[in-house]
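Listed next: structures, encoded as structure tokens.
Look at the two complexes coming up: subunit A is in both, with subunit B in one and subunit C in the other.
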Partner chain A sequence: MAIIKMLQVKQEKGVTLVELLIVVVILGILASVAGNLLIGGIRFWRLSRARTEIQRDARTCLDLIHRELRQAEASSIVVDRLDDQQPPCSQISFTKVVTGDAIIYSQEGAKLSRSINGTKNFLAENLRHITFVYPRTDDEKIIAISICFEKETYGGGEKSLHLSVEKVRIMNE
Partner chain B sequence: MTYRKEKGFTLAELMVAVSILAIFFLAAISAFFGIGRGILITKTRTIATTLAQEKIEFLKNIPYYRLIVSTDTDYDRTYYPPETDIVVGGMQFERRVFVRKVKESGGNLVETNDDCGLKKIKATVLWEEDGEEKTLEVTNLYENSERSASSAKIYGTITTIATVVINRARVVVVENPSWEDYTLADGEYCIRLAPGDYNLRVTHREYFDTIFSASVLEYESVTENASLFAKGRGSVQGRVVTLSSQAVNGGIVYSNDGLSPATTTNTNGYYFIQDSATGTWTISAASGTLYGEVNVNIAQGVLTSATTIFLNPTGTDGFIYGQVTRSDTGSGIGNIYIQAGAGGVYTGNNGYYWLAVTPGSYYVTANPNYENANFTTQATTVTVSAVGEKKLQNFVLQPAGMLKGQTVVPGNDPLPDIMIQASGPTTISVMSGHDGHYSMYVPLGTYTIEPVLDIREVSDPSEVSITLNSTDQGQTVTISTFTIKPAYGTVKGVVKEENKLIETGVLIIASTTTLAGDYPPTLDSDLREGGLIYYGTISHSNGTYSLEVRGQSDSDTSYYVYAWYTKMSVSGPVIKRSDPQYKTVSLRALEEKTIDFTQWQ
Partner chain C sequence: MLQVTGYRLQVKKEKGQTLLVVLGIIIILLIFIPALVYYVQQEAKWTIKGKRTTTAFHLAEAGIERGYWKLTESDSYWDIITKDEQQIDGYKGDSNSIYSDLAGGKYKINIFKSGVEKVTIRSQGQDDSTQEVRTIEAVYSRKAIDSAIDAESTVEYKPGLKVHWGPVKTYTSIEQAPQQYYPRKFSKGRIVGRDIDPTSPNSDEIEYWAFDDELGQPAEINLAYYIAKATSSSVPPPRKATGVQAANASPSGSGYFTESVKFRQPGAGGGAYTFTSSTSVIFVNGNADMEVNTWLDVEALIVTGNVDFNARSSSYAATIPENASEEYQHPEALATWATFPGNGQPYAVTNCGMHGFLYVGGDLKDAAGGGKIVGVIRVKGELQSNTFTIYFDQNSAERIETQRSSIERDSWREVYLSW
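Presenting the complex of A and B:
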């Protein structure tokens, strides 16, 4: 009976400081790991979101240019640049065969613009460069388009880059 | 005592549970990685297969004869060099090509040096996976759709019975008249054809036709000589009178023997035909609208006297007459065949001819098919509008010789359908045949012979200059073989800044002159139609570029290569130019040169 009593008395009801410290330390470690994981996760999520966005932008722009350029009159195509602040070969002007629309795609700083018969609107931001180049200028029916987007993702430190190159065959003389 | 019963878990239990869980999770994670790796491997293999198939499709789009057979032993480094910088889905692949001529032999495909109309294309894709080199091979066959393999050859010499060679005899395969050849000055002919059993007919107007049979196997060359029996010659004389028995002076007398030239009667109405073929022929005489004829039998070496011909006013023929002369000396040329419609005559010794035709329009050819190999041919349309009308048509033929040669691709496989142009006193073009051989008759003189090529191809040599002088008249002159090859050389390299590969795309432009400013010119249609070609490309995201420029087969072409790239700053794009501003490179067709861009300004 005495033993039982003694045991009952000795039974701990609270937590010791040491135990508390251990718990805090463990929690701290867990929190820092989780925090890192979280930050890493956010970073990864932002990067992948940025990548998806610019890939989507690049794809949309390329598709549009590709489609319109195929309908262009090959001899009407002029490749130059908007002004001398822009990268070389970053503007293309042409006339579409069926509709006769005058189309201009050009780089203006970090933006890509499309103008149809003088009405301009912007298609995409975060443009690093768009470049139009003839593999050979004596064959004006094949032109290569390269488009590169870049987007800052986290604290200015990381950039997502995407480069697409595509060759377009122009269908009309 | 019941309150002493444990309600929680012991540490040991917990540890066991955690260990089990840990093992489970570890297994799950490793399975997850394994599956991920498996997916990646499958994806990579799919990409590799697609790349290989794409290459094969590309190569099969090249016309059969232009698909060059690899000269290397394992894979092609010369004509279709390995592409080392293909990046798909973040993986880097290398693609190699190997082209061989093959033939079927006992149900298997074996490599061969003869072109049997079948080429094997092998595309190999290589990549690295976990530090391990992986390869994938795709093989495909390319069949020549244009022909049955003309892999056999029948050749030989055509002579007279007295073994004198006969020039310009036509040898033709009876079963397929498109297989034919004319003998050359040395009497030789050569027909490339599919293996089989054939009958060949040899024809020449002055000889009786002969037919011989020949049988030839694949890749076999069979010699078949033939001798022709000359048509016999006799002569005939007679007199032409009117119904009132008056001598007809200047009447035209001609035989339908196909050999003898027409003649005219003298003041007493007599005529004499010297070189008539033996046999029974009709001698016709005409004067104005008067006409008469008589049958005569001419024997070998005998002078036959024909019955006197009485002219009735029943003439049906008009006449084309004239002289065939040499362009250089102006003298008449005898023994030139004049063909009008289905009929024709030979010119007499002085080059004169008389040809009787029913009134109508005729396409008259002197020396058709270069029957007399010493002279050119000439043709014109002559209209005889009434019976008894005499139309003068003179021909001036030039002394001629024959040029022959072959067009091949690298590796000496024949390349058909290439236009060969000889420019000199006249300009003559021919197409090379299915075995790459071509031949053409040209008037004597100095010629520049060159293949007429697409801008994508060059020829080695690019042209040949040759002079045919009087000793070459009627002879065959062989021109050195033209090897036709792709005109492109490759400039390739890496783009770097501060030792780091530039992944954002660098614009590379090359031309044979320097640029007017620091930047590319405005590329408009005036510039594109101008003679100067600018070649351009953009570097890949792995920092490499490759630019195809046109090169010559036998001399270097110098190019100025420029590079630009764009960086972004808060104020907008910053344009970098290569430093120095351009680099120069000299190369020729099929050559590869490396230029790296590492310094920028």
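Presenting the complex of A and C:
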């Protein structure tokens, strides 16, 4: 009985200094770890989001270019660049079969533009480069497209990059 | 006392460790899991979307292939569509034209006439999981002969060879410099006097196109069609190649001659051979000698061997093709074009020997010189005519029967149509 009574008394008194110190130390460790985890988590979140966005842009742009380029007249294709400020081979112009629509895809700084019969709109931002090349000199009906998107994630330091390369077979002479 | 105290401290220590681990795990989960879920969700969404549209597209492509092979299965299918303006069962774009032999969905095929000697294959692919539809339209044409001279071998472009209203095409080369700067000349090899160096440029874009790979392969003439047409034609027989007897025809009285012929009436003192029937075909299984006084106005004269073409006995009221002026765009040719009344206008050709399609399986020459034809010449061997004149006839060209192997794709495109 005496032992039980003594235990009850001790519990009611609260914590000792040693226990308190241990708690403080634990909380301190937790706070420091959580802070790092939080910062890391935010960075990871931003990186994932940036990567997702540029992957979406890359896929959408490639899909659109692929669809239209397949319908081009091979003899009408011209690979060039918009102006001296743009990378080489960063513009492709062609005529779609049957409809005769004049299509131009070109890099304008960090933007990708699409022009149809002179009416231009911008498809995507964060473009690092787009390059159109003939992978085979003996076949004018194959075009390789290399597209690279880049987006800053935080602090101007870390960047997310996405590169896609695709070969397109032109279906018309 | 000591035991109790030790027991109490041990219990508290274990509780603290659990709390630390649990808190750590919760923080990690709270921070990373949403980001991962977001990333995976987006990735899955785009992947599935891409797969569905790709499946529909590949099904549509399969339909195009199936339609093409159906067209090439028989010459009659092309004629059913283009001439009879009918459709093939199973390829009408109806419920009987849906195929489910490929995994992932189905495709529907519609083959129909879309112009003179043009057929469109429209194929729709549908993904089973989302009902997404993609449609491809491909237009095919049977390679036709659209030139005044269509030569598989070399052309000796002698000074007296004059070609009007339609181009000259050779799938080998032109080995003698043409003196006239009309009509347009297309050659898969060199053109002596214009361009003998394969290095580009190989054309002046006006009068000559040398080393022109776009010519592709020559159209294959449907000889079976012409044999059938000749056997059903009623044609007076010319002479055998030697002697005065009538050449053998099979069946007798038909236009299918089983030996070489000379176009002159049979019998001693037989007169000039003339025959006019724009729907008849004369098929000569051998050589043909066309004398000066010969006149033929037929759908086609098919000669499997050599032809000596000297005929120039009649006048023919020709019609200048609508785009004939294209052949005279070179400055040196303008004066010649000025002698004609213009595109689409009538023009009387005098001293003419034949109107129609002339097919020569061997070489073509005119030993006596002066032969003249309104029509189209297809020559497999060499063309070595001296003084020879050809006026291109659009109507004769459009009636030439080529084989199914000559079907080529003109255009391919995606269209947006519902199922």
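Just a few scattered comments:
One rule holds for everything that comes next: the second predicted complex is superposed on the first by the 150 of 173 C-alpha atoms of A that agree within 3 Å, B and C clash if a C-alpha of one lies under 4 Å from a C-alpha of the other, contacts with A are read in each partner's own complex, and residues count from 1 in each chain.
The rule is short, and it goes like this: a contact is a pair of C-beta atoms (placed from the backbone, for glycine too) under 8 Å apart; a residue touches a chain by one contact, two chains touch by 3 or more.
This is a predicted model, so every value here is computed, not measured.
Superposition of the two structures on subunit A shows subunit C clashing with subunit B.
Looking at the shared chain after the overlay, A:G41 reaches subunit C, while subunit B stays out of its contact range. By the touch criterion defined above, A:Q55 reaches subunit C but does not reach subunit B.
When both complexes are overlaid on chain A, the residue A:G109 reaches subunit B alone and has no touch with subunit C.
Contacts of A:R70 after superposition on the shared chain: subunit C is touched, whereas subunit B is not.
Once the two complexes are laid over each other on the shared chain, residue contacts for A:I26 go to subunit C alone; subunit B is not touched. Once chain A of one complex is fitted onto chain A of the other, the partner contacts of A:T95 are absent, as it touches neither subunit B nor subunit C. Subunit B meets subunit A in the complex at residues 455, 503-505, 507, 509, 519-520, 522-525, 527-528, 532-538, 540-541, 548, 550, 564-568, 572-573, 575. The touching residues of subunit C, when paired with subunit A in their complex, are 1, 4, 8, 12, 16, 19-20, 23-24, 27-28, 31-32, 34-36, 38-39, 42-43, 46, 50, 139, 214, 409, 411-414.
Those residues of subunit A lying in contact with subunit B across their complex are 75-81, 84-89, 107, 109-110, 128-129, 131, 133-138, 140, 144, 146, 148, 150, 161, 163, 165.
Touching subunit C in their complex are the following residues of subunit A: 3, 6-7, 10, 19, 22-23, 26, 29-30, 33-34, 37-38, 40-42, 44-45, 48-49, 51-52, 55-56, 59, 63, 67, 70-71, 96-99, 171-173.
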